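If you scroll down you'll find the structure; I have some questions about it.
Labels A, B and C are assigned to the chains in the order they are written; within every chain, residues are numbered from 1.
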Amino acid sequence: MSQSLESRLETLERRLLELEDRAAIMQLIASYGPAADTCSQGVIAGLWTDNGIYSVVGTATYEGKAAVGALVENATHQDYVRRGCSHVMAMPHIVIDGDRAVATGYSQVFARDGDYWRVDRASANRWELVRTPDGWRVAARYNHLMDGSESSRGLLRQVVAPA
Amino acid sequence: MSQSLESRLETLERRLLELEDRAAIMQLIASYGPAADTCSQGVIAGLWTDNGIYSVVGTATYEGKAAVGALVENATHQDYVRRGCSHVMAMPHIVIDGDRAVATGYSQVFARDGDYWRVDRASANRWELVRTPDGWRVAARYNHLMDGSESSRGLLRQVVAPA
Amino acid sequence: MSQSLESRLETLERRLLELEDRAAIMQLIASYGPAADTCSQGVIAGLWTDNGIYSVVGTATYEGKAAVGALVENATHQDYVRRGCSHVMAMPHIVIDGDRAVATGYSQVFARDGDYWRVDRASANRWELVRTPDGWRVAARYNHLMDGSESSRGLLRQVVAPA
């Protein structure tokens, strides 16, 4: 194979992989809501690495995939699901660096309130992801309510001005 | 052409097609809201196959693309549009299997209510899609309000634990 | 290199570029919210071309990237940020034509109101983008509240029935 042909193929393969990574990360994030709203504990756990964490800033930090999956047993979560709710993840901003990636995006919890739905949570999320032999997994997720605090903006600021 | 070169090209072409399929399905879903909010009957009909259906679970099932398009004539829909509304489709989870695909995602209808907008509908959607000579089309869409019912969760559960 | 090989490589490269363009445009749009919610004036300015405009239809038009960035100094915006808010951009519909592109999609501003968030703005957005040596930039963004007006629907109608 000629040098230039080899080089064109390698470039195509590298560029394609980056797009596949982006698609896989979007797919992972898009599967969180359906898993949460069906209390699919094992599915949620399976999105995280073994030692992965989920920090709901100011409320609790779940450490390890089993603990993250078990969050669906929370009384608050159970109440949401019984009333009717949607955990919606918006299209994220994604930065991939080899086998690590950071996705940042908003989420809302729409919870039924009579004939309508109320926005019970409006948050920013930072997803720290790692590539594993089984695909991308969450090493850490930080969820922060957009409550006007400096720390909520700090989470988002890392997107627009990485350290 | 050498065997290995042919094989690398075919792999690239196959992987690229999968990403193009994902992009086309996202584009189709992203065009539903603008079509609904402008009462573009023909455009909505054109997203479905000839015999495609749209089931608004618990309310009505529209059978055939013409019937699906005609839903914009509903009094409820017309009222939404006159008041001001956004039919917003969230980033979906997508599984492609050859010439068939399933996209699952949330949608909200934000309807104007004085100076603000109210979440009039918060739903889960299952889009069953088929590849046609003219591109991806909707064979069936199921829209279920997240109303706390077991059936609303059933629709989402198919994402996280396919039958 | 044989004719057919050259042609297959060129086709792959062209198709890949289109997907990369779509990803880059989604990334640009996904970075607007975090920039707005952190009052990152320079970051917002950097998304626009030097002479780019941002028209908040019926309210104001900001001309030139510096003026667009400075919108975060508005009293209304500052109040949103202090109270806690999310500027959320939904997955857009994207049409690319060489070095120009149009992305159309919904946005919401969720603003904190006591224990919940209120939908203070539900808008349609038309992003007119150009490819520059530094990547895609916004030449013009039109944001129109979905207020029931014909002009709000006009903005969306361009998606479903381009002129």
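FYI, a contact is a pair of C-beta atoms (placed from the backbone, for glycine too) under 8 Å apart; a residue touches a chain by one contact, two chains touch by 3 or more.
Because the structure is a prediction, the values reported are computed rather than measured.
Bringing subunit A onto subunit C by least-squares fit of CA atoms involves turning it by 120°, to the nearest 5.
Interface residue usage between subunit A and subunit B, two copies of one sequence, is largely distinct: under half of the residue numbers at the contact are used by both copies.
Work out the mean CA point of subunit A and of subunit B, and you get 22 Å between them.
In subunit C, the residues touching two or more other chains are 5, 9, 12, 16, 19, 90-91, 118-119. Subunit C makes touch with subunit A in their complex at residues 1, 5, 9, 12-13, 16, 19-20, 23, 26-27, 29-31, 33-35, 37-40, 43, 81-86, 88-91, 110, 112, 116-119.
Across the complex, subunit C is touched by residues 2, 4-5, 8-9, 12, 15-16, 19, 22, 90-94, 104-106, 108, 118-124, 145-149, 152-153, 156-157, 159-161 of subunit A.
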